[in-house]
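Multiple structures are listed underneath, in structure tokens.
Presented sequentially are two complexes of subunit A, the first with subunit B as partner and the second with subunit C.
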Partner chain A sequence: MPTAHLRVWRGEDDGDYYEYDVEYGEGMVVLDVVHLLQAHQAPDFAVRWNCKAGKCGSCSAEVNGQPRLMCMTRMNTFIPGETITIAPLKTYPLIRDLVTDVSYNYEIAQTIPELKPRPREADGTHRMGQVDIDRGQEFRKCIECFLCMDVCHVIRDHEENKREFAGPRFFISLANVAMHPLDTNPQSALLDPAFGLSYCNITKCCTEVCPEGIHITDNGIIPMKERSIDRWDPLRKIFGGSR
Partner chain B sequence: MAQAAGTTRRVRNMEAIQRRYGQTHRQDNWQQEPLLIILGLGAFAVYTTISALLGDYWPFEAGIDPATGHATYLSPYFEPLFRFEGLPKWFSPAIWILWAPLSFRTTCYYYRRSYYRAFFRSPPGCAVAEPAQTYTGETNFPLVLQNLHRYAMYVAIVFPIFLFYGAFKSFWFGGHIGGEFGIGVGSIILTINAVLLTLYTIGCHSFRHFVAGGLNQFTASPFRMVRRRLWEIFTIANENHRRWAWISMIFVGVADLYVHLVAGGIITDLNTWSQF
Partner chain C sequence: MAEYESHDYDVVVIGAGGAGLRAAIEASARGARTALVCKSLLGKAHTVMAEGGVAAALGNVYPEDNWQVHFRDTMRGGKFLNNWRMAQIHAQEAPERVLELEEWGALFDRTPDGRILQRDFGGHRYARLAHVGDRTGLEIIRTLQQHAVHRGIDVFMECTITKLTKDGNRVSGAFGYWRESGKFILFKSKAVVLATGGIGKMYSITSNSWEYTGDGQSLAARAGADLIDMECIQFHPTGMVWPLSVRGILVTEGVRGDGGTLRNSTGKRFMFDYIPPMFAKETADTEEEADRWYTDKVNARRTPDLLPRDEVARAIHYEVKNGRGSPHGGVLLDIATRRDEDYIKRRLPSMYHQFKQLADVDITKEPMEVGPTCHYIMGGVRVEADSAQTTVPGLFAAGEAAAGLHGSNRLGGNSLSDLLVFGKRAGEHAAAYAAGLAAQPAVSEEEIDLEAREVLGGFDSQGTENPYTIQRELQDSMQALVGIIRVEEDLQQALVKIAELKERSRNVGVEGNRQYNPGWHLAIDLRSMLMLAEATTKSALERKESRGGHTRDDYPTAVKEWESRNVVSRLQADGSMSVTVESKPEMPPELQQLFEEG
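For the complex of A and B:
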């Protein structure tokens, strides 16, 4: 059986990396190996996980420096004998080992404007064209793994910006509301400066790490930047503006 | 089932709590992409500056019809050609032209991604610590001016028309439409150049938004459905915006160089005309 050479963060902020050798089986993913480590060598090792299917977004970590879901990172993608470094998400306060406090995200989520649908039609329904609602389907694929928030340098390298900047996951939330065919909430279109959209310099790291393949930048952030600019563009009035 | 094998070793490493420029656990070659961007954009910027500012000191028209004095091939850096009496020779006609496509590319969302990473190191790579101690993004002057991309797009969107017109003229000796028809390597190069620059331009994020990206209810009218269909088509170009950005940028430089070399007699253009 092959042996994984792991280098894993242990402890809290004053912790260290520890090295472990763990034998693992064919077809395993990084989360399996972490579970083996937990079962046989480090029973107090803290790791958050749930579905093991890439859909709950719980097992986010930084594997060899790349923000990833551990359950979707296969061991056969590493070079045999390579040391695999597993670190907690760096953007969030560390609780212990691989577990971080992501409650910051839930605080932002509470500030996101809600959908305010236009009045019902005469027969009491809300009719939407399928092509109208299709656009937002991509945004609703988000599993809230918060890898995009972790990799975003605006808050990863600059803690102070957390006060001003909603972050990629929540720009997608905002786009989901602002582009909804029923939405009439004037707040959903006001991204700047309220949600700090201009802090984003569209370097697309969020898109690169998204396990759901959401085009966060191209289909979410940039269109929302463009909507923010619309109010300064007289030509938009000719073409009816947004919505 | 697999089980743990032996060794456990504590390693002192404070990297996780001491952030410093370039700090990362990434083991892939993340430095390669910014390096290539620096080389690519840098070479283009230097070449374009030299070529454009030399103006009449480095001939940019080839296949000149002695009867009319008009050229068959005109470098795309000078298309459309504006000449005004009384201006000194050192004032290059490219100055009237290049500010538009260059401001379009400078504020382009793709190029911003590239040069923010490569030149500004903001960040140098994903999950790689950046050097700046503070960061305000595009909230303040001068980077807030990136929002002028919309207006740069409004100007740049007409340039493919000029380039196609120039390419069309290059199939007629001396650029005289209806005169002596022919085809040369230069005609093909100028046509491909126009196609590539068009693909880059219609893939622009601002253009995509302008067409229908701001709409929430496509089905509200037949006109909106037409706009949605166009939006879908331009989205295909948008998904390949990076590709067309690089290919069109390199090719326009190649096209410019080709016309210069033919005009200077350094190389001979293969063509069906007997006169050049």
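For the complex of A and C:
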């Protein structure tokens, strides 16, 4: 059996990287190796995981500096003998080992405007064409792994910006409501500047790391920025008119 | 005295998958002060992994479909061990529950005329599953999650309940710990809803996550509630088999619903050899007819690839056993030669992704290797059909934690609809029950102290047993001895092993401190898993026949008398599980008639 040389973060903010050698089997992913580490060497090693199939977005971490789902990162993608460094997501305050405090996400989720659907048709159904919901379905593929939030430079190194910046995952949530074919909520189209969309300068880092391949920037953020300009442009306020 | 924080509620819902979320939404909507407590972060529960769809007789694709046909399919799929009233309610209410999700923002795939599209699935007579590609569970949990967040329901995330408290015969609260800090928390509550899912983690090959340690079933049993039919476990026919590290991960039945077929190592479509008499009349017996059925449901009968899951799982087991398996001990699931690349990628995007990333297999070009994986328990907490109340007043259960709807075998797609229908009912009746109680029932300090001491036991002891090792040994034994095919000798042997592991688990040692410590959490969860492993094994010994997910090699056929009997498990004072056989409610004549009509 091959041996993985792991370098993993242990402890809280004052913790450090610890090195472990873990024997592993064919076809394994990084999360398997972390489980082996727990079972045989470090039973109290803190890590989040659930589905182990890339569907729940729980096991996010920084593997050799890259934001990754550990369950979808195969061991054979590393050079044999290479040290594999596993660190917690940097954007969020550390709790212990690989587990971070993600309560920020849930606070923002509460502020996203709620869908207010138009009434049903006379036959009790809602009619929507597949073509009209393709974009919405793309946004709704989000598994909330928050890798996009981890790489976003607006919040990664700037704790103070979190107060006024919803972040890429939630721009997608906003776009989902705003572009929903049934929505009639005036709030969702309003796009409050408090969400901080203007901080984003379209570097597309979020899109690059999305394990679901959602075009966060092109299909979510940019169209929302365009609407936001329509809505909040001071010249338009003075002279009126809309596109 | 144990130190803990304390909260007061009318209704506490334990578990935040589909059933728990739906229950909390309903209880809250009916004015109950509601708390939702879950072991993981909100939105990560097992529902997120459901792929194929939610079964509801909307009749959008086949107007011939209606609740009676859905009811009939569910009962036949469950080999008539189902609670008929639950099956009736489920079939009648599923359509409205699905439409309601659409009001809350869910975007299901559409028919050409803009209505909800429905897909074929095993055991369902008509295309009945509303779906979103192969990620329907994600859509449902996200929709419910967002809806719940806006209702102002208090959510306690990463919080594990280890004990229900009682005041006399009533439930009075729930006690547990925060995973993050390890500190204790008490919910004083008039009513409690269990929506904690299943028990898959007592098997080594499973599609279930770490959370599936049978918390709800064991909390209920320790509170004095009945469990039924714990022997009825579903082994989903198609889990991944290679590489070993992903063994058990689910491959949706939607692959077969969308045209995929099972082949053995000789290339033969072997399901034609395994059509049971009960389904012979409606199942195609030639490949030509089976393939025609996908587009012509009127003149062709359905493909045997879509027989109910228990039939397909057994067939795969026998093919492998008789030397006709694939290189890594499964069979081949082929959609590559039957549908074009675009269609496969559009209909099954996450299957494409999963095989490509985890197994280096391109499912648009090569077959998948698949085999049975422990997926679902049909048995669980005994509930009253209309109210979802258990045999303990104030204690309710819904979703996989509850038993009855699915009988001895669940049809694909009937789980997501179960969650919605009975989650809503559990929330509704828990709120009504709570409203009927004048005062908050009492919680005994003594009871809490005792539990706190037990939960912390592993830290104080000089224990030498590793909790991970005990879990691994339990999983290996259950897999080998209480798996898809069972015999008396193996089951007896399993009981000996479980007793040994129970003894050893008293000597578990925990390293580290109480802060986010998975080793400690597992040490606590072992208690539930060992208790339920015993219940499952004893129930499997008791049911001397083969029915649905329970197959006895020494009693290979279904026995008519057992159709009307539940095996009931109860926790005894000495910590062991007793099993007794009781007769179940009889179906009224007007529903009986549905089966006589064919």
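One rule holds for everything that comes next: the second predicted complex is superposed on the first by the 222 of 243 C-alpha atoms of A that agree within 3 Å, B and C clash if a C-alpha of one lies under 4 Å from a C-alpha of the other, contacts with A are read in each partner's own complex, and residues count from 1 in each chain.
Simple rule for what comes next: a residue touches a chain if its C-beta (ideal position, glycine included) is under 8 Å from a C-beta of that chain, and two chains touch if they have at least 3 such contacts.
Since the model is a prediction, treat every value here as computed from it, not as a measurement.
With the two structures aligned on subunit A, subunit B fits next to subunit C without clashing. Of the two partner chains, both subunit B and subunit C are touched by A:His180. Looking at the shared chain after the overlay, A:Thr85 reaches subunit B, while subunit C stays out of its contact range. Looking at the shared chain after the overlay, A:Tyr17 reaches subunit B, while subunit C stays out of its contact range. By the document's definition of touching, of the two partners only subunit C reaches A:Cys51; subunit B does not. Touch counts on subunit A: comparing subunit C and subunit B, the chain ahead is B. By the touch criterion defined above, A:Gly129 reaches both subunit B and subunit C.
Remark: in the superposition on chain A the angle formed at subunit A by the CA centres of subunit B and subunit C amounts to 140 degrees, rounded in steps of 10. Of the two partner chains placed by superposition, only subunit C is touched by A:Gly27; subunit B is not.
Once both complexes are placed on a shared chain A, the shortest Cα to Cα gap between subunit B and subunit C comes to 10 Å. Residues 25, 28, 39-40, 129, 180 of subunit A touch subunit B in one complex and subunit C in the other.
Partner subunit C is touched in their complex by these residues of subunit A: 25-29, 32, 38-40, 43-58, 72, 74, 95-97, 99, 102, 106, 109-110, 112, 114-115, 117, 120, 124-130, 133, 136-137, 140-144, 176-177, 180, 182. Contacts from subunit B toward subunit A in the complex involve residues 1-13, 16-17, 19, 24-28, 109, 112-113, 116-117, 122-123, 126-130, 132, 134-139, 143-144, 147, 150, 154, 205-206, 209-210, 213-219, 225, 228, 238-239. If you check the complex, the residues on subunit C that touch subunit A are 40-46, 48-49, 99, 102-105, 107, 109-110, 113-116, 132-133, 135, 137-139, 142, 146-147, 149-150, 155, 157, 180, 209-211, 242-246, 249-250, 350, 353-354, 357-359, 466-469, 472, 510-513, 515-520. Interface residues of subunit A, counted against subunit B in their complex, comprise 1, 3, 7, 9, 13-25, 28, 36-37, 39-42, 62, 64-67, 82, 85, 87, 90, 129, 131-132, 150-151, 153-154, 156-158, 160-161, 178-181, 183, 193, 196, 198-205, 208-209, 217-218, 222-223, 225-227, 229-230, 232-233, 235-236, 239-243.
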